[in-house]
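Everything on this sheet refers to the single structure shown next.
Chain lettering (A, B, C and D) follows the sequence in which the chains are written, and residue indices restart at 1 in each chain.
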Amino acid sequence: MDRRAFIKLSALTGSAATLAGCGSPENHVIRFVPDDEIVPGIAQWKPGICPLCQAGCGLQVRVMDADAEVVRNGQRGMMKVAAAKKLEGAASNPINRGGLCPRGQAAIQITYHPDRITHPLKRSGPRGSGAFREVSWEEALAELAGRLDALAGAGAPTLAILTRPRRNLRQTLVATFLERFGAPSPLTYELFGDDVLRRANAISFGREQMPTFDLTRSNYVIGFGADFLGTWNSPVSQSAGYGAMRSGRPGARGRFVQVEARMSQTGASADEWIPVRPGTEGVLALGLAHVIINEQHRPPEAAGTAGALIEGFAGGLADYAPDEVAQRTGVAAARIARLARDFVERRPSVAIIGGAPLAPTNGLFHALAVNALNALAGSVGQPGGLFFMPQAGAPPAGRGGLDQAAAGLLSSADPPIQLLLIDEANPVFTAPAAWKVREALEKVPYIASFACFLDETSVLADLILPDHSFLESWVDARPESGALVAVAAAAPPAMRPLHSTRAMPDVLLDLSRRLQTPFDPPLPETFDAMLSESFASLPESEAGDAWTVAQTDGAWSGDLPQADPAARPAREPVRFVEAQFDGDAAQYPFHFLPYPSQAFLDGSTAHLPWLQELPDPLTSAMWSTWVEIGSEAAARLSIREGDMVEITSSQGSVRAPAIVSPGLAPDVVAMPVGQGHETFTRYASGRGSNPIAILAPMREPDTGALAWAGTRVRVARAGAPEGRLILFAGQMRDIEARER
Amino acid sequence: MKAVYALYDDPNAALRAVNGLRAAGIADRDIAVMTADPIEGHALMAREAHTWMPWVAACGAVVGLVLAVGMLLWGELAWRLDTGGMPVVAWWPNLIIMFELTMLSAILTTVGTLFVTAGIPSRREKLYDAEIADGKILVGVKDPPDTSIASLQQALLAGGGRVKRV
Amino acid sequence: MSAAPVETAAATRQINDDLLRPLLNTSWRFWALVAVLGGGVLMGFCAWLYQLYHGIGVWGIAWPVFWAFGITNFVFWIGISHAGTLISAILRLVDAGWRRPVTRCAEAITAFALMIGAVFPIIHLGRPWLAFWLFPYPSERGIWPNFRSPLAWDFFAINTYLTGSLLFLFLPMIPDFALVRDKTTGWRRRVYGVLSLGWEGTPRQWHRLESAMGIMAVAIIPVAVSVHTIVSFDFSMSPTPMWHSTMFGPYFVAGAIFSGIAALIIAMAALRKFLHLEAYLQPIHFENLGKLLLTMSLLWGYFVFAERLTTWYGNDVAEITVLNVTQRGSFAPLYWTMVVCNLVVPFTILSIGRLRTITGCVIASFGVVVGMWLERFLIIVPSLGHKFLPYSFGEYRPTPVEIMLLVATFCAMMLLYVLFAKLVPIISIWELKAGGYHAIEAARLPETPLANVNL
Amino acid sequence: MPHKWGLAVDLDACTGCGACVTACHAENNIPTVGPDQAARGRAMHWIRIERYWEGEFPDVRLRFRPVMCQQCDNAPCEPVCPTYASHHTEEGLNAQVYNRCIGTRYCANACPYNVRFFEFFNPVWEKPLHLQLNPDVSVREVGVMEKCTFCVQRINAGKIQAKAEARELADGDIKPACAQSCPSKALVFGDASDPDSAVSKLRRSSRGAGLLEDLGTRPNVTYFPRHTEA
């Protein structure tokens, strides 16, 4: 309480006392006896798992006493609670090794967010209006169980669960629930998913999973668009490896080259940054391979199957001579030759592809090309190269095709989904407007959401069964990448729930028992029982059995026998085909490059004030969206920093302030994803604009994944600065003379 | 109080009256002269001009300096705090405060000396006439011995003024 | 001493009547003016209360420009305060006869400008209710203020200067209070009787008063110089580009006297017009002060040139950045306005004899007041906004609260001055008389320069 | 021998990710000021990652540089404070005593690194965000200057812990929140008076340099520049 509030309160209490003559209201504030044993001022450290991305970083949660306002038996009062105070990376965790990214640090604000949904809610107004009324858990569960019973009675598999693709037991539970119910597997959607790379790895190496990069021992790293130090795959693990590569070995310093059209936060750290024409990254990779083969550094056979997949590989990739490649990619021939020599001569070296190169329509080709390059250099499975980590029990994959599901809903009079459960997904925000996900969801007769917050998707729900935060419930993760050993993580709740919420897995298990015809045999009673069961198959270590280790340290890790590579389907060798871009180049002269922002990823963390106020690494912008435009293009269009610009694609337009960036190819405009929420708590609603909305519905043909880098746009100045661009930095450049 | 005095328009006349009073045996310190302005340089005002005030002010300055040094040393040594790599007792900055307090003390001493030596403020009964404000010059004697009143009046009249008695 | 007594008496009565008239006759215009100016002061006070309630965030200051209008006003008003005491002390020491009608209105400016200036170090604090922690006393934990801080020096310097100049203003008022006491009745007689401290006007009192004034004049000049030097130390003690300069002391003192003279000219012109003191504040006064203003304008220009040239030649990147941002960057409009106001306008008007009239002097003075305010602003803000690390460069925009406070300071200055002129003879009557009956005679013949009639 | 705390920043390892910035907010109860105040330049980041562009497209480079209080030996912020709110501790830290600060903001003006931040208003934590506040760090009220402390609360906790366990403080026992969180271990904290500490070893390298060292501030943060290869 600040001084002023105290004075006001004293004035109030004073007058109240005079009026009522019965002492000060402070005496009426009930102090409940604490639930836990708390020693004030003494911190406890409890294990946790970061929930924000699939990296599955281990947490140490600092728990201390705090005074919370709570409701017990309808009585509001104060109680000393054991509250999480800070999240730190768990030093013992083989993935993040003590580090934690800014998003992970800020995740604690999910728990304490002022706009969390604190009770089950039932829609009381028109869909999307945001009008809800509180209901009891009993009422909510009874209603949902009733709906499920009705579906089961009709015998139609019209139940669907929409989630993110997740690597944890929660996903397994969801899949199991659907399977037992007789419904199709969970529908998953993630904007910046890596399905294309997984598919390419399956084709090249027989492993449909994300690779782990052994940067610690690398001498040479070439990145193809992968923001591996910022947002991509397992950024903390990769940053740890990067730090060790740069400074961890006395006398040896790994070199790092980044190839991309827009300088990312990762590209900023590169020794050499090479802008390349969007959609030609794989050509450059094969150009390197050409030089390596033709200068006889490595024979083409060294690339094995991964090489054989590429048309002309055995013949030395005649189509990818440096001059040819230079013409296609915009990278000088001499430079290509030098990069190629460096790549083999400085081995161990590794090439990393991720992000935008996988997101035009020919993304799979680029991934296969880079895989072939890695294989050619002998980097696969070798120290300093890339590995495929053995998996400690992977969850069943969901099914993609949200766009088809939406189209199906919109086209049929009798919706193929009668009851939709949504868990940790916000496709209304993260899917292109062209997919019409909102319109499709509006046609679903009944939606129940497990959301912690009202967002663009959960606001459409008829019933919201708010989940615990990750600190209040059992959490687990089975990371597929990030360490050279198998990792299985699980952590008990670090603190008691603040609100009247329930853990989604337990709700699902509860529902399975409430059904008129309960599952037989029944699912485990609780989620932690399920977890404990799943850890039973893992080998014991010195510290004890896997389950005990996981509970105390937050993660079990160890060597597991690597499964044999899956049989690879026979394929025609692939060859380069030009990427297809939506929009005519004359009318829409710019490639449009949305990218996951360092603070918000795909927008799912935009509600956290720390992240809103975190200056973007490259622009220093806070609380803003912006459009990055190259210096030359900006000069041509008379656009200056802060000016409002309009970006128009064939699907519509967005307005945002401009940032003139020196690190951007002249025919590219880039925009961070994450802002532009209509409904997402007080901190994110109505802030900035959402570039996903104007993406064209382009698809990578093999996987069906959204080709989010496949849209062309035109750019026009739309007006003077409107003060919406909030920068922390004063100037972009140092005073040159001082630095040396 | 009783007094005898005269008012003059002209400093020279007043001077003549003063001289007359002196001739009548009145000591300088008993002759009251009052003017509305310090008729600078006139012989009428050429009395009690000497003052030790500058020396007193200088002494005040020294006292201020000593007090300043004392305060600074006390203040800096009472709770030794390191700032910016400077010595705990830092003379360069201290010189500034020493200077200011020296000057302040000199000024206050001067004013104090003025008040003491000029006899202000005072509430004692005074020989005064409001006509001084109009430029008249008052010359007179306060509490004269009864026996000499007539001779004093004579002397004052000789100066050419209007004699008044209180 | 040869003037006829009758004429002398008449002249004395004339002076008394002319100079006491403003004290005795009050028109509605006075009350209207007081109401308007009082309203302005009240507005500033309300703005300050608003600031106290919400926090100093209602000002436009921001990272890294933590000082702006508040400190500009502080330096500006402290500068204005150099009008009086310094000028009148110097003129007193060199016994320039023409000073006599000017000294009191100059010293009054000093006293009031200092009071206004001294308010800002307090109200600009983040927690002004703790301002007393600046006072030199050991806190309950035995910690004194930090005597190494230029802000502590400010405390001593301003207090010394304020005490000195209030006494310097008050001492010569004592005989005039006695005069008012003698010439009035009723409450005035009682009040001024108390204020006159029982002044009689004996030779002893006159001698002591003049001795004291002589000593004070000697003492106040170094104090005045030190005050503005120390104010400049607030800046030059920091390793901030364009601040860390040995030249700041004399530069600030010159600027202070410059703005002080300008303020004095404006005040005198107003008094002359509104109190009908044409016979006392004559063109010759403006002429002389105008010449002084011209000198200071050139001196100021010299300092600015020296400062800029050394910075430019030194070619230190951080300093050059600040130099460029003021001369060519976002501060350029303000910078060149300052140059026009401080140099071009005063030089043009005052160097041409025909233009050095009362009106000319007043126009030049208004320019200087504006220009010197801008000068302070341009010393403070561009440097703070452009320190060393360009990532942390920042901007500043004033808010209405700051503008209201600025306006209120001018209202407060005028209000205090108007009230002072109402309650105290604005020209020192006894000094004027002591200046000699000849002076009065001369006053009736405008062609005779006053400066030639020294006694 | 008293400890002398120092930080080494390896710009070769720093990726500019901002983990240290958020960690610092979480550890030190630094308020978020919101978009309106942020737009007015009141955002508070005790540690910030400066980024500087060099060159023009396509030969463009970018450099990151985390800047926090440099804990200077000759700190310009200290002598200017009239109330000793900012002064030097025996362990070489530039202490900021919030209770003694009256908000002259002089220290911030004197600081060449612009690492001091000011509470322009009373900070607000929308309930229940306040439950996160670190009880080991005081919450500053309006009108107070604040800055990076090298996580002095962690330093003290580390020393107390070592004392309770009756052992000498070991190198690496104490880590400020920024160094703890740094994924690439670009920040190394330690006792510079211990010649065997990691930070001392780093400091002996001729590659290290203080920021704006030519001003004579003698900073206790050492920067190791990024390698530049042709």
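We take it that a residue touches a chain if its C-beta (ideal position, glycine included) is under 8 Å from a C-beta of that chain, and two chains touch if they have at least 3 such contacts.
The structure displayed is predicted, hence computed values, not measured ones.
Enquirer: Relative to the centroid of every protein C-alpha atom displayed, which chain's own C-alpha centroid is closest?
Expert: D
Enquirer: Where are there more C-beta contacts: A-C or B-C?
Expert: Here the pair linked by more C-beta pairs in contact is B-C.
Enquirer: Could you put a whole-Å number on the gap between the CA centroids of subunit A and subunit C?
Expert: Centre separation, subunit A to subunit C: 65 Å.
Enquirer: From the mean C-alpha coordinate of subunit A to that of subunit D, what's the distance rounded to whole Å?
Expert: Computed value for the inter-centroid distance: 30 Å.
Enquirer: Using the average of all C-alpha atoms in each chain as its centre, how far is it in Å between subunit C and subunit D?
Expert: Between these chains, centre-to-centre, one finds 44 Å.
Enquirer: Among the residues of subunit B, which are close enough to touch at least two other chains?
Expert: 81, 83-84, 86, 93
Enquirer: Tell me, which residues of subunit A touch at least two other chains?
Expert: 4, 620, 729, 732-734
Enquirer: Do you know which subunit C residues sit against two or more other chains?
Expert: Residues 143, 145-146, 148, 152, 388-392, 394-395.
Enquirer: All pairs of touching chains?
Expert: Chain pairs that touch: A-C, A-D, B-C, B-D, C-D.
Enquirer: Please give the residue numbers of subunit D that touch subunit C in the complex, ascending.
Expert: Residues 37, 40-44, 48, 50-52, 67, 76, 79-84, 87, 100-106, 108-110, 112-114, 117-122, 141-145, 211-212, 215-217.
Enquirer: Considering the complex alone, what residue numbers of subunit A touch subunit D?
Expert: So the residues of subunit A touching subunit D come out as 2-4, 41, 64-66, 68-69, 81, 83-89, 96, 98-106, 108-109, 112-114, 229-230, 235-236, 239-240, 242-244, 246-248, 253, 255, 263, 265-269, 271, 273-275, 498, 598-599, 609-615, 617-618, 620, 622-623, 630-632, 662-666, 682, 687, 723, 726, 728-729, 732-734, 739.
Enquirer: Mind pulling up the subunit D residues that touch subunit B in the complex?
Expert: Of all residues in subunit D, those touching subunit B are 72-79, 81, 84, 86-88, 218.
Enquirer: Quick check: in the complex, which residue numbers of subunit C touch subunit A?
Expert: Touching subunit A from subunit C are residues 53, 317-318, 321, 385, 388-395.
Enquirer: Inside the complex, what are the residues of subunit C that reach subunit B?
Expert: 1, 5-6, 8-9, 12-13, 16, 136, 138, 141-148, 152-153, 156-157, 159-160, 163-164, 167, 171, 174-175, 178-179, 182-183, 197-212, 215-216, 219-220, 222-223, 226, 230, 233, 430-431, 433-434, 455
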